[in-house]
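Supplied in structure tokens, the structure appears directly below.
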Amino acid sequence: MSAVTMVQAVARTLDQEMARDKRVVVMGEDVGKRGGVFLATEKLFDKYGPDRVIDSPLSEAAIIGAALGMAVHGHRPVAEIQFADYVYPGFDQLVSQVAKLRYRSGGQFSAPMVVRMPTAGGVKGGHHHSQSPEAHFVHTAGLKVVVPSTPTDTQGLLRTAIRDDDPVVFMEPKRLYRSSKEQLPDDPDFMLPYGKAAVRQEGSDVVLISYGGSMAETLKASAAMTEQGISPHVLDLRSLAPWDETAVLEAVARVGRVVLVSEAPHTASFMSEVSATIAEQVLDALLAPVARVSGFDTPYPYSHDREYLPGPNRILRAVQRVLEY
Amino acid sequence: MSAVTMVQAVARTLDQEMARDKRVVVMGEDVGKRGGVFLATEKLFDKYGPDRVIDSPLSEAAIIGAALGMAVHGHRPVAEIQFADYVYPGFDQLVSQVAKLRYRSGGQFSAPMVVRMPTAGGVKGGHHHSQSPEAHFVHTAGLKVVVPSTPTDTQGLLRTAIRDDDPVVFMEPKRLYRSSKEQLPDDPDFMLPYGKAAVRQEGSDVVLISYGGSMAETLKASAAMTEQGISPHVLDLRSLAPWDETAVLEAVARVGRVVLVSEAPHTASFMSEVSATIAEQVLDALLAPVARVSGFDTPYPYSHDREYLPGPNRILRAVQRVLEY
Amino acid sequence: QRFYRDMLRARIADDRFGRLQRQGRVSFVAPSAGHEAAQVGVAHAVQAGKDWLYPYYRDVGLCLAIGIPLVEIVGQNLATLADPARGRQMPYHAGSAKLNTFTMASPIASHIPPATGTAISQKIDGKGEVTICTFGDGATSEGDWHAGVNFAGAQGAPIVFVCENNGYAISVDLKRQTGSDTVHQKAHAYGMPGYYVDGMDVLAAYYVMKEVVARAREGVGPALVELVVYRYGGHSSADDDSRYRPREEVALWRGRDPLGRFRRFLEKRGLWDDAAEAAANAELEEEFTAAVKAAEEAGPIPLETMFEDVLAEMPERLRQQRDELLGRER
Amino acid sequence: QRFYRDMLRARIADDRFGRLQRQGRVSFVAPSAGHEAAQVGVAHAVQAGKDWLYPYYRDVGLCLAIGIPLVEIVGQNLATLADPARGRQMPYHAGSAKLNTFTMASPIASHIPPATGTAISQKIDGKGEVTICTFGDGATSEGDWHAGVNFAGAQGAPIVFVCENNGYAISVDLKRQTGSDTVHQKAHAYGMPGYYVDGMDVLAAYYVMKEVVARAREGVGPALVELVVYRYGGHSSADDDSRYRPREEVALWRGRDPLGRFRRFLEKRGLWDDAAEAAANAELEEEFTAAVKAAEEAGPIPLETMFEDVLAEMPERLRQQRDELLGRER
């Protein structure tokens, strides 16, 4: 098959899984005839009809909650939240119902469901089409959180999520939706495990750790560094709950210098956990303090949203700091 | 006046502020005749009537959202969420509307309001009467977050919050509501600033940092340490956004060993930020890795909820680890 | 008689749990006295084990009447291993996978959207299953309630929403709860029929529910049934209802007691008498005593289970946290 | 003529913003053509500067007609310093403290509970102010919509909820949105009156709104008004409505164009003619061109403002972040 973008990889994987397993249904706002506002569910309505491709009312609580009720009854819903910023009206359903069902029922009930959401910024969407809310999900026991950055990872991880017996929050960086194309594996059962970081570049001077949308800027920065004769070791975490502590701690223990890159607001973010864990676990291996390059502690702005994002220059400056420390 | 408990300090401060400023109104579920399920608004209904003590419908979105609309129109609402666990149905109002109003309007509108909520565990309340959701608020730009641990701090900080022109999430550790009594200052304008930690004990061997409900166990542990000849320096943060980085970094730089105590779930919590910041800012002063004693990464349990909380023994074990490192 | 017996059983359980609470053996109770006719009427209108139930905390009578073993309910309230949910939640949060009864959660109305999802799933499967979802009058104000009921209306899902309207949400009466005089009229907003029923008359509750459930089963779509009841006791063991309810009001409603009314009905027809009453009482009190004994003998919840059932497989981090607590760390 | 002129002004703004968007000078537009009569009718029923408005993104015509300067609207859409909100949001998110118009936010229906709060505040103050809150048909499905409308009903607050029902929420038609055939009937659930109005007839919209606003001002309580309209264009510049709407349907509704209908009405009475039309067109096009010029001359948003207005005082951490970005770190 031809090379596809990330959003096409989503559509293709949904199609393959729906064809494979009748229990898989898609639900959300405009996922039907419209094919989703990003076309992540394009053509599915024509192929599978209104029972399996459900246009929901405009309510994220209805989407996430109903997905849970369908999952409990034997379906495998893949719910779409139109933008990650709009998960909040459904937040109670996600944290109070979905995340806690297995636990509170003593394992009598579980929630095999996926909640997909386009996430992150860089598309001139202002506050409410640009946020990176992953920290809220990672802090919530009972949820798995995945944030791919390539079409192939998107397929491999989405398939794993759809076949998972636990609820998965699947965050798709919208500015990467069409930024690159890849040939997807032919294997109809191609799956990737959670908690395994991808090494995007082998290196020995500094470890760069990122995920999702910020991988784009991180790779730009690492390319620039390589030019300058600096050798970065680049990790793409791919999943945040669980996250690959082993790969991170090994790399940092070996290299001794690390820069964490995420566009989510700096304070109490997922990267705070990574930074804390590194210093708690391999303190003596650190040749310089962990550096975080983050989104700023403001609502996501409309003007200058490119400056808001941690760009290559900010990453390079942080790398300089840890190298010169 | 006689010594009062924390919950009485809340009621008294609300009474004093309502008497002082007609714009101050109280709103929430059962805050009227019932006086609040914890009696934090006792007698206010009889004294100020239904226009200023408003029994809301059973909807946290209505409570938080309506408080915002009243604030914008010139009132100063103090909204009560019956339990912090029930903030989630109003989470969209809090993060999408309240926190972002000043920013998105370019300062044309602001939200002078307080959202009070009994928080944390230890009262046999199970998942939904015990959670510590502060990390969600601290990660949200545009909110101030306060968590007192004594009646006096409660009065001083609540008054500051009520007179503040920005929205404040005021979290009251319910297991401390009646655990101790204090004589409150007579000064009707007694206020405490945010971002100033209280030194609960001066010491030189290890820094213990906590806040809110966990201060109780932290002080037990520090007493036990003192018995054993260990000298702990104990900080009560009191507010989390902003939090007192200066006091924390100074103490850690001086002592070199630190244990962070919070009952919130461990991963991507507020204490992750504190741990990360410490190691990023004063790496070379650390004689041992930062240790975190946290709630576990599970939903808050009903059985064994005392074991779930970071108790004195777990704190002492962590202190041993950092001392022996 | 089955109806009466089930109501008596609920009343006795309510009374006995209250005593256990005052003895400090149960940490919390949500009194259900006054709700029995509604709950038993609903229970007998469903096909237990086939249909799905989304009840709420006050539904002890409903859970018992559809067949959840008393020992499981007692085990849940005492948090022993007799609880199929392994003591994870506070009392009055039952659930049973065996009986398709969704484990309750405390956040009011948060079970409504999931109930709708189950009904949508049932509609797709087309096996003639129905979902019953109960809640109080206060629950109707929550956004999640609206989201769930509206989605059911849009999908024509086979679900019956049942409001046990006791006129209060803790201390807040219906006037301050909503601008509408009744709950059933809210059905109009969702294009579904609403029914207004005396929920302290078990026959009325039963026959209306039977009819409405049958229609849902035929595929007519969802409905909203308002069962007017009253709670005799406080909202919970933590409540003092004298702060907000006049005693005369409570007395007035007690006069309409569903057990008393139905007993008189049965006695008129010679289907019940003092002897039957005494026998039933003795037997049910005995059953409860035995259930408490059995639940306690099942044993306490082991500490390590605190770390289980978060996900199908225990995450590595959580395993480390468990080992640390249990002193197993290497 | 004022009505017609305001409708024409809205139509021209819609057209010109569309062109600016295609030229890449505006990043996003939400077409309002077809909504003019509803928006202008509402605008003229309120006391601008006294009453409070909670509009939604498609209300360009409403914002202009109540008196928000065109240059501010253009400044907001171009994100220049002519925007009183300092370019903080994407286009079509206006607001004005001067005109008591709550700055819009993208999350659908999230402005409903705040609107109710303002109305409750107005009721307490007793100065005869009223709040008007507008939204689309899709918004009625959100939990926040229900929470806000229900609270207003319970409090009898002076607020008029106005639904600009164009039959679609992006691609989702009302059938899939809700089980009710109309929006106004939802008022019944909250104990308030509902009104069903042709929103493409500016006089109908105006007179009904005038009446309803007057009642709210007298203290009769809230109401829900459904103004039936249609959007001619796609949902936004990012939408392709041909995927879900038959062209015939669009053509049919265009036939009921509010401008055409009202123009014929005025012409019959000799209050309007081709000359007046040409003059008005020229003048309004000119006004828009001037507004774009003025908005652009106001200048771009300075980078450092990105860090302002998070709180009244900039937090220390944020100041450090700003200094680092601006290369000011010591």
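When the chains are written out, they are named A, B, C and D in that same order, and each has its own residue count from 1.
Following the convention adopted for this analysis, contacts are C-beta pairs under 8 Å (C-beta built on N, C-alpha and C of every residue); 3 or more make two chains touch, one makes a residue touch a chain.
What you see is a predicted model; the values in this text were computed from it and never measured.
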Chain pair with the higher count of C-beta pairs in contact (B-C, B-D): B-D
Remotest chain, subunit D as reference, centres from CA atoms: C
Subunit A and subunit B: spacing of chain centres that average the CA atoms, whole Å: 31
Gap in Å, rounded to a whole number, between the CA centres of subunit D and subunit B: 39
CA centroid of subunit A to CA centroid of subunit D, Å: 34
Subunit A, residues touching no fewer than two other chains: 56-57, 59, 61-62, 85, 88-89, 92, 96, 100, 103-104, 127-128, 141-142, 241, 267, 297-299
Touching two or more other chains - residue numbers and ranges from subunit C: 86-89, 93, 105, 107, 110, 141-144, 147, 150-151, 154, 176-178, 310, 315, 317-318
Interfacial residue positions of subunit B with respect to subunit C in the complex: 29-30, 32-35, 37, 55-59, 61-62, 85-86, 88-89, 124-129, 266-267, 296-299, 301-304, 307-308, 314
Subunit B contact footprint on subunit C (complex, rising order): 27-28, 79, 86-90, 93, 105-110, 138-139, 141-144, 169-172, 176-178, 238-239, 243-244, 300-301, 303, 305-307, 310, 315, 317-318, 321-322, 325
Of all residues in subunit B, those that touch subunit D in their complex: 25, 51-52, 54, 56-57, 59, 61-62, 64-75, 77, 89, 92-93, 96-97, 100-110, 141-142, 144, 165-166, 195, 241-242, 245
Of subunit D, residues touching subunit B in the complex: 52, 83-89, 93, 95-97, 102-103, 105, 107, 110-122, 124-125, 143-144, 147-148, 150-151, 154-155, 308-312, 315-318
Subunit C to subunit D touching residues, read off their complex: 141-147, 150-154, 156, 175-181, 185-186, 188-192, 221-222
